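Please find the structures below.
One chain, chain A, appears in both complexes that follow, with chain B as partner in the first and chain C in the second.
Take a look at the complex of A and B:
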């Protein structure tokens, strides 16, 4: 259920051959061209793939070497303040002073974002409430657990009511339960608060669950950018498991014009037509094979990337 | 009245109020720094030292004012500042790391610089905060001394006015101290995230240079004696006083080189500020 309509279909970030080369010849981003729609966006890539550089360019912290980037159709280098007023940033590393309370810290960050004093205080307690910190917010941050600190980091990014959140590894250092809670929170921010979120992660599995679209980068190059639905829609397969006679069954299915592929002891058949189920069952019955399993499996996004990568490497 | 049993989840509220510009962000940073200098908004422990120093300064001023009412002059406005010089050094050695090293240590700078705040704003706000703090530390007791003298003057309004004319250069002298000590100590503190190192470095910068002045003073050269004060920040400020107040005796002879002291003061403050700016330009782009 969406309380606030999200701006799906609206381009919030657009890059044009974006390239960043650091002094010393290290290329962090190379020829990155991508249009990003509003929603929850996963930015995945291994450590050092260029995710953080991309975020810093969007914040106007560093200027691109060549190419261009526009956030909300604004240039982060020329119109830094306008961009930063609409963007909230949660860095990967520890960034909280230990000897102040969360309420005080988030209020301070709100003021530094340009909120008037009273508004900053109100929005700080609002933001802390939304991330799930209540009475604890008056305690010093130094005594917080890692999970609570991550929430404070998220709250300070939310305090000035941005239209876009840039979260750099928000689940860093959290236990499985903490990860789930953080991911659910991010999903809620994207869906209920109507704020677009870019979630950086090196763990594809955890962002694909909550994202509307994915951008995968590797070594500064764009690997793939698409909506999750587009990535998984056409890839439904039927998994057939028989305890013996896989080869005969594969041959029989091929004769029926089904594209069969083998995955260990499993046979994978693309679910192209309505009749695929029946054809497979018929073939199994004809050969009189012991059928263990016949079910539908969605491709995980991860598989798409691995196949993509292998073809790219070849 | 709301009915019992109804849960009011007001959900997320968008902010529609005003968003202020860089000027007010600067002010927020400045006020935050000034409050932090005296331990406000922080733990009770961090209030101890600044207020102890302030307490000593105020106490000396009150004693001074009380003695003055009985016709005994303990210090004039300049001597008061010179006397408190060591306390000021310890004050900036504690407060400057509080203002900048702490931010560096906690890693909060990326959060600051992802907001409208720029490196120049950050440096400006921190320097302004520490200059104000040091000036308050010296200027407020000077004001008490003035009030003490003004209320006990025997020549009416004319005496009050004369006393005020003596207070103004005293305040100016305090500002000389405040600017030099604030910019120098902030520069040193900005080099490390460890507060203890920063404090040690600041005290060292002020203490280690004092013997150099002594060494220069025993050299058999008249010019070396006149220029010896340039070697240490404390004697530098003393030298300016000697120059501007025409050879008051502070155990330092600046000869005809007074203007050099003034020039060095300006250059030193400017250099510290530029280095600070360069330092934070680099930090801000990380």
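Take a look at the complex of A and C:
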């Protein structure tokens, strides 16, 4: 593993009151101000919240209506070439030509980024190896599975050795094994190669798993930008799960003057003092129940999208 | 209350066997249909919906065959994976048309009710081609639900939906399942299946690899030790005590706590509270590390 100096704390993307209004009066982004530090960043939001618009603006594909955006302290509209040299983009939709091989396609994309012929070929070979495409790379893309196509899209985003990757729904259409492989790959790119990654995803569990920080957009506004660890902090509620005898345990805990509530298979007990741990354990041992889980309940990113009353602090 | 049943069902396309001798019974409630790409999930759903004849065996809903039996559509709703809705219709027109196809006595009222159920009332008069993926998906669910079928089949219903839409769809399916509908949905996102229902049917390479509550399936894999993450007030002393317990096959000490491997789930989970109390150690955390649907699924694929 190559050791890379940590980049955290370095601002890579900064927006100032960024607003984008399309013709016809549709406001996709409104007054978005956010600073993004290096790392693996999740970008989440409802469909139509403005994620795609944000990505297109960062790539310099469209200009903001008002406000400003800086990527690596460059203006994507005025200095499009410089920004694109440092940014790799993996689009969401199926956009690969079916009748060329992955090796040819990724080499071609490398040349478009300005690499000389031999360098492009070498870099393409490297990028394809990183994403785990070996002998298959000489076959035509049309015959690839969804997972292989996603890997090709990722390889072409990596071919010019960017400092920032923008991935739009990289796990779309993948089965569990493919998803797992793709997530590990994204995490490796962030941690080992030292490339910052912005991942657009609808799957909050994925974001929790691989991202360091998160930007949530809703209706073009910033809903929250924070580190994942801050959003999944432990709450002062204990979760107890037993494989059987849940009702007996609930009754026994109530007798010990603990305020027990039930949530599906889980029992929730407020952690007022450390003795709650011992009381629970004693109750479980007295009833001779199989203890499956005992932990402080964690906040979840999904709480961003639920109403207040459903948060962990029941 | 309807029961969907497959009895020794196989389906082949030429020499390709897509589904190989599957028997399963679906009871009212929500069941997840899982499997890698190409395992035969869609073929199974299509046979249940009467789009494909089984090459061998019988597919029935309440003992009535689904193949060449249009009357089953009174009790059956299907949301297919591929979208085929007319973009020039409004949501209300589309759902009303579905209601007319079912010859419902009051198609307008039925459409209104179905659109309310999927929370599309506000957008019902917009053309479908102006909708987001999640809105289209909900409109299609409304179309499939309009005649209040007892059985609802959904192929990848969560594809392309955002978090809020997913949660909403999950609640909807939960509600329908609690009301006695028989619901089968296929999905790749194991977390979703885990939240929605513990009941799964797992298909691997055309065969039924497992069926039932995934937690129970995990208990049946006795050849795999159960892994737990444990943290306590004195990890090292707890490790010493645990290794003396017969059901424990290994303990590792790590920076954040212990990783305990238990050969016998039942005796370990009963012994741990006793041991910790006996040693006077405060148990702060016990987390099962490989009990999630994700790990159960990967174990099934390896087997």
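Everything below uses one rule, namely that the second predicted complex is superposed on the first by the 242 of 314 C-alpha atoms of A that agree within 3 Å, B and C clash if a C-alpha of one lies under 4 Å from a C-alpha of the other, contacts with A are read in each partner's own complex, and residues count from 1 in each chain.
Convention: contacts are C-beta pairs under 8 Å (C-beta built on N, C-alpha and C of every residue); 3 or more make two chains touch, one makes a residue touch a chain.
Everything quoted here is computed from the prediction, not taken from an experiment.
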Inquiry  = One more residue to check, A:257. First (chain B), second (chain C), both or neither?
reply    = neither
Request  = For A:203, select first, second, both or neither according to whether it touches chain B, chain C, the two together, or no partner.
outcome  = second
Task = Mind working out whether A:45 is in touch with chain B, chain C, both or neither, as first, second, both or neither?
result = second
Query = Just chain B (first), just chain C (second), both, or neither: which does A:278 touch?
reply = second
Task = Identify the partner contact of A:116: answer first if only chain B is touched, second if only chain C is, both if each is, neither if none is.
result = first
Query = Looking at the overlay, does A:243 come into contact with chain B only (first), chain C only (second), both, or neither?
reply = second
Message = For A:293, using the defined touch cut-off, is the partner it touches chain B, chain C, both, or neither? Pick first, second, both or neither.
response = second
Task = Using the superposition on chain A described above, determine whether A:177 touches chain B (first), chain C (second), both, or neither.
result = second
Residues on chain A engaged by chain B in the complex (per definition of touch) = 3-4, 59, 61-62, 80-81, 84-85, 87, 89, 91, 93-100, 104, 108-109, 111-116, 119, 123, 126, 130, 140, 156, 160-161, 192-194
Inquiry  = Which stretch or stretches of chain A touch chain C in the complex?
reply    = 44-49, 145-147, 172-180, 202-205, 243, 274, 277-278, 281-282, 284-285, 288-296, 302, 304-306
Key: chain C residues touching chain A - in the complex, by the definition given at the top   = 35-37, 132-135, 159-167, 188-191, 215, 265-266, 269-270, 272-274, 276-277, 282-288, 291, 294, 297-298, 301
Note = Touching chain A in the complex, chain B uses residues 11-15, 17-22, 24-25, 28-29, 32, 41-43, 46, 102-103, 106-108, 110-117, 284-286
